[in-house]
């Protein structure tokens, strides 16, 4: 296996993109960065898709002036990637608009804070205390209540 | 339409009628009559109880998962069904009169109560009729939920206890399901017969797993250690006659299933072969020891109770140990004793609960520290309770003695001194605590507020008295019940006990006719001698003095609280509530895990997990 | 056995028991007196006592159960005596056996407990609480003894036990075959008889008037009769289990008197035990001995 | 935690790269379906651009769905961001140069966009690419004049109709007894502008739809921006 | 019978035109959606009988597979397509301000759901899946609260992440085989995908599609989303949409990925899902989140069922899925008015006795009490697992049974609250008639199933058999043989 094989370089690029994307999602706490991490991840996946039938030296699958090239690239991945990119754009736009709203509502784009505030909101709406590990676990179950009475007798 | 179909049909109708008409004044009586009809249908199959019939099939069957689901009655089912219907009949009778009206006036739904009771009877009959492992499980679950229903009727505190029950019961049912499905995986069928044939070839490890799963499953319902915590409080909180019914028979369903699967199909002889490494014990011993601890610990917990219903309910747990012990010993004496104890126990436990309910009905409390001296006010109830506690304590001449005698005797034959000792310790504890029961309620000082109390109404007294007659007569002529248990023994393949009307025919046997007669004659002589003496003067009940000082009625001098101070002082430290600790430990473990999982879902960035998973998966595949 | 013959036996056995029991009571009182450097009562004193008690004028009854309790106490012992085989009289020995006997003996206790309970005297209730606790204390080693004997003889039938022990003279006696269990039984014998130093439940001195204060006249008489039976029963049981039982009255009587006398004499030397101490004592040494004894006989 | 994550991450990276080099078969690329399409596409669809053939004919339904995704995304975007409040503060106007440039660019972009759309079946490009250019044509004035806005109602109707056209053309094939989305009309001469049957029409629909949706989305985002 | 295409096309068309229609008549815009769905449901039902004999393959655009995209309809697929359509119809989202948009979204959901179930092309599945995801974002965010936006965004992050991974998986598959047609993949898989690359592709797709199927590590969105979305949307997502994602995984398993490791991964993740979901639900203190967590647990059971090799696993999974399909939506419908703290539910049975009784029934079936259908479904899962006699499967059985005990505990805690004799201070809201009727309808289905157990099981068995019949799939689609030339 030749380390300088073009395939290896290209695949490394694709996987590298994906990994950078994942890295962005994993390490970052900022929502915008996470969203762009996803975009990168998608780009990597798209590249991988394109590479799946990549062949060095193949020409574009277009008949120009009626002449059929000797070797044409596979048109399917190209069409697929086209689709995938557009989907990606749609979702990206959606993500950004949601991010705007979240920022507006919670005043932050930090994932941890958003999570916390979301949890608070859910708990408030449900009318229960915010579950928190810093508090002692609340005894709410019938079982433990029964158990407590048991100990008394 | 076989007799079994008739029985199940009537039982189902009973449920319907109870739900429809339960609230009417006559509804209760109607239901009671229907129970009597069920009893009649059962008597149509009485050949089962005398070994002249082996099996009565139901014509109803369905095919599921290419398994034919069957329902049928054999001697074992018949015996348990007899007790079930009897308990249902008397409980319903008890509930039909004044008690029911009071219950309704207090805002309880009598319709639901009767419905739940009838449903319990019906589901139990369905369970008893199960003809294969799958129907057994179905019946099992139905019974569990039916009992849950009746336990939860009272609301409030009862909800908590019912909840605890269903948590235990469902976990047990799941263990049971695991066991039954394991059998299916091993045997390839839910059929009883196939299991019986395959059991001798099973590997010891599989068998161990099976025994553990099945015993825990059945054990939860029986409330054997360490699954006993739910029972007493749940039963105690069940509305009046419901407690009598549940206490009498409900938990016996666990024993029934245990007998069917472990004793009849797997066989005790297989258990004996399963040795526990590094000990002298085998699986049978293990079960026997569990049974003995089930006798001892709950009995001494009962000794501490100061609520009559709880006290009785804890004894219910303890008495289960005797039955299991007898069954596990599985010789002719032991199994007969265990089975007979089911009957005997049902008769006096139902009666005792009824007495307590009657006392509650009249006085409004079952707190043993707030009663006393009711003997003069409720003499018939007192008589019933006296007969009941003699039975519960297992003293002659009541029927409880016979079954316990059989169990003791089987332990002597089996040569198990420590088990025997354990059983006796249990009996002694029972005597202590039942004396406390009767003393605190009926003897001693009459409270001023109870001076006007009258005897319980006839609708309550008659079922009590009927049960008292049963307790006495089957103690006098134990052969009546032993006929049935012998039929059961024959049908489950255990050596049949040689018996006659008075008891057991063997070397060093038992003849209750003689013993009871002698006892009665002895009492006669005692009476004679007593009345030959000088005339005595009856003083008023409240005319008392102690230590040379007159005690006024307002002074509370009834010695009731902490009745056995010396004993408690000594054994008090042994009440460590270890099982509650265990239970709470399990609960808090689940709680911790649960909190952790919630935290996982709330806080963890999924990608962490994902990344770890991917790395793990890839490295796993590569390596 | 002929039915009528049996009936006669059944009638005879309690009467014999009563008579011998009276003698034992006398002996007991004499021994007690000697130990306390007194003269002790005359021979017929127990009979006088009973007659006196039964014919007293002021007799307070606290109600029906009070009376029934005494009847149960006496009647239960009368019935129990028919289960105890004595020379020439097997009675119902083959219809009950040792276990039945052990449980029959609880009936009088229960009867008395109920009777005292009806009196509504708190001191009485305290006494019952103590008596039942004491029963819990001594019955556990007692049951070990019963089990061991039944196991060794292979039967619970007392009559059969006797015949087994008679086969080879003294060497086949229970006391030779299972000395430790015999010792256990001897240790608990005073407790079973409710005698010194285990009579805290009557507690004539500690509880100002004691439970017995409610027992006047024939009630007390009933208790007295009961005591006779109690002593007799304890002696006969021990003899039957360990001393080869009785084939002839001539050897049987000394045995049973000895059985009652020896532990009593020793027991008089001890002060009275508190309830917890009874439990502690009974559950310690007799239990230990009994268990070792059982382990020995069962190997 | 961060350090740990980074370590985990590096570990994953290493393992993954190693796995790729160890196990993947890079050297050859299978060219099954694609190659077969290359062989028959010209004949079956009449489009010179095989990618267009794939996008509109062979995988036409994917394209329809993708349009639907855009449609949905735009709709949700509108829903999430909401309408602009009338009294909301506005960005100051852009300068003269930008305004004039936008005005000048507008027709140019329009023409280029349409050109790319209409030649999608012949040359690289097509509805998506052209649609994006169209969108930018409509979006530019918005940048130049922050106060102005696009009529979202019109956009939603236009995009709806464009999508419906796509489907209706597909349904027409069914009336013709063919499968849904089968290209209709004469395939014409390979390489001619009017060729490849309904494909150019579809592409036009795609272009308009993409254009209007992107324009709508961008406008929503721009308005939301203006709010803050 | 190419009318099936209409099940997908008609709702999409209507959704596109809805805003135009609204211009013309608001009334028509309100009613046309349900009517169209009704029509598509009728179409689906009319096709149903004939699929029993032989499945059906359609080629979009009339291009021969594998060049074009195939639509493959067997009863298995149609069952879920119909479930989607009818489910959407029953759970038609009602929102006052965004009626038009939510109607469009519902239509789109029904259309894509049907398409997803019926699709026979890997990439097409991906696109359908993405569309469905986007639609569900819309439905969740449609509530318009800040919480719903935040949870949608969190969901979007996970989902987008998963989708990209799935895309990479598809790329790997295409790289190895050069085709995306499932039938052809089924032909080529034993040769070309039975290796590490195939496995990696499977794992990537599993994670990708697992997001919607509430697969363990990628289900973190579930509790937040179900707690913030409206109950009807939660019902749709948990009840129906998750099953469709599962259906894809089933299809992939049956046709393409035959590695034993794939099954092990499913099993392990399933076990983790059951354990984590049920444990978390045990401590949940509001009904919505309790249902959300328990739904994770039940989906975990389905994954466990899928991991059983052979027909038995598919049959079991199908049974559990169908059961859950009936159960979960009605539970969420009941939660509509009972949302919030469980403590506040005390005594709610008085104000709404029917709903409370229904809840009891559903809870009983959910935890698997015989003779309710839930029990039989669970039985079908456990029985084959024990027959396999492998430690991991034993563990799975243990976890399932233990989880059922937990389930019994927490569900009945709710029931107890409902029937509490001391009502909570706040007065309880009565369920909307439509909600209750729908829930009752679904609950009635459960009860009916008890009485039709045997025919139902037979039918499910035949559906499962049809679904697992790979050779019929290949024959029906009949992909044209390609010269598998690999160009160097």
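Which chain is which? They are A, B, C, D and E, in the order written, and residues in each are numbered from 1.
The rule is short, and it goes like this: a residue touches a chain if its C-beta (ideal position, glycine included) is under 8 Å from a C-beta of that chain, and two chains touch if they have at least 3 such contacts.
Computed from a prediction, not measured in an experiment: that's the story for all the values here.
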item: Any chain in contact with chain C as well as chain E; value: B
item: Fewest touching-chain hops separating chain A from chain D; value: 1
item: Winner on C-beta contact pairs when B-C is weighed against A-E; value: B-C
item: Chain separated most widely from chain D, comparing mean CA positions; value: C
item: Relative to chain A, chain with the most remote C-alpha centre; value: C
item: Centre-to-centre distance between chain E and chain A (centres being mean Cα positions), rounded to whole Å; value: 22
item: Length of the line joining the C-alpha centres of chain B and chain E, rounded to whole Å; value: 46
item: Chain D-chain E separation of Cα centroids, rounded to whole Å; value: 30
item: CA centroid of chain A to CA centroid of chain C, Å; value: 88
item: For chain A, residues contacting two or more additional chains; value: 22, 25-26, 52-53, 55, 74, 76-77, 80, 83, 87, 90-91, 94, 98, 101, 115, 119, 131, 141-143
item: Multi-chain contact residues (two or more partners), chain B; value: 159, 163, 167, 591, 595, 598, 602, 607-608, 611, 614, 618, 621-622
item: Residues within chain D bordering two or more other chains; value: 5, 9, 12, 16, 19, 23-24, 27, 29-31, 33-35, 37, 58-59, 62, 66, 69, 72-73, 76, 80
item: For the chain C and chain B complex, residues of the former touching the latter; value: 10, 14, 53-65, 67, 70-80, 82-83, 92, 94-97, 99-100, 103-104, 106-107, 110, 113-114, 117-123, 125-126, 128-130, 132-133, 135-136, 139-140, 143-144, 147-148, 150-151, 155-157, 160, 208-209, 217-219, 221-222, 225, 274-276, 278-280, 294, 298
item: Parts of chain A lying in touch with chain D, wherever the complex brings them together; value: 1, 5, 7-8, 11-12, 15, 19, 22-23, 26-27, 52-55, 60-66, 68, 72-80, 82-83, 86-87, 89-91, 93-94, 96-98, 100-101, 104
item: Of all residues in chain A, those that touch chain E in their complex; value: 18, 21-22, 25, 31, 34-35, 38, 41-42, 44-46, 48-49, 51-53, 55, 71, 74, 76-77, 80, 83-84, 87, 90-91, 94-95, 98-99, 101-102, 105-106, 114-115, 117-119, 121-123, 125-128, 131, 140-143
item: Partner chain B, residues of chain E touching it in the complex; value: 158, 161, 196, 199-200, 203, 207, 216-223, 261, 265, 269, 275-277, 279-280, 282-284, 293, 364, 367, 369-371, 375-376, 379-380, 382-383, 386-387, 389, 397-398, 401-402, 404-406, 408-409, 412-413, 416, 419-422, 453-454, 457
item: Touching residues on chain B, where the partner in the complex is chain C; value: 372-373, 375-376, 379, 382, 386, 390, 393-396, 401, 405, 408-409, 412, 415, 417, 420-421, 424-425, 428-429, 431-432, 435, 438-439, 443-446, 502-503, 507-511, 514-515, 518-519, 521-527, 529-530, 532-539, 541, 544-548, 557-559, 563-567, 569-570
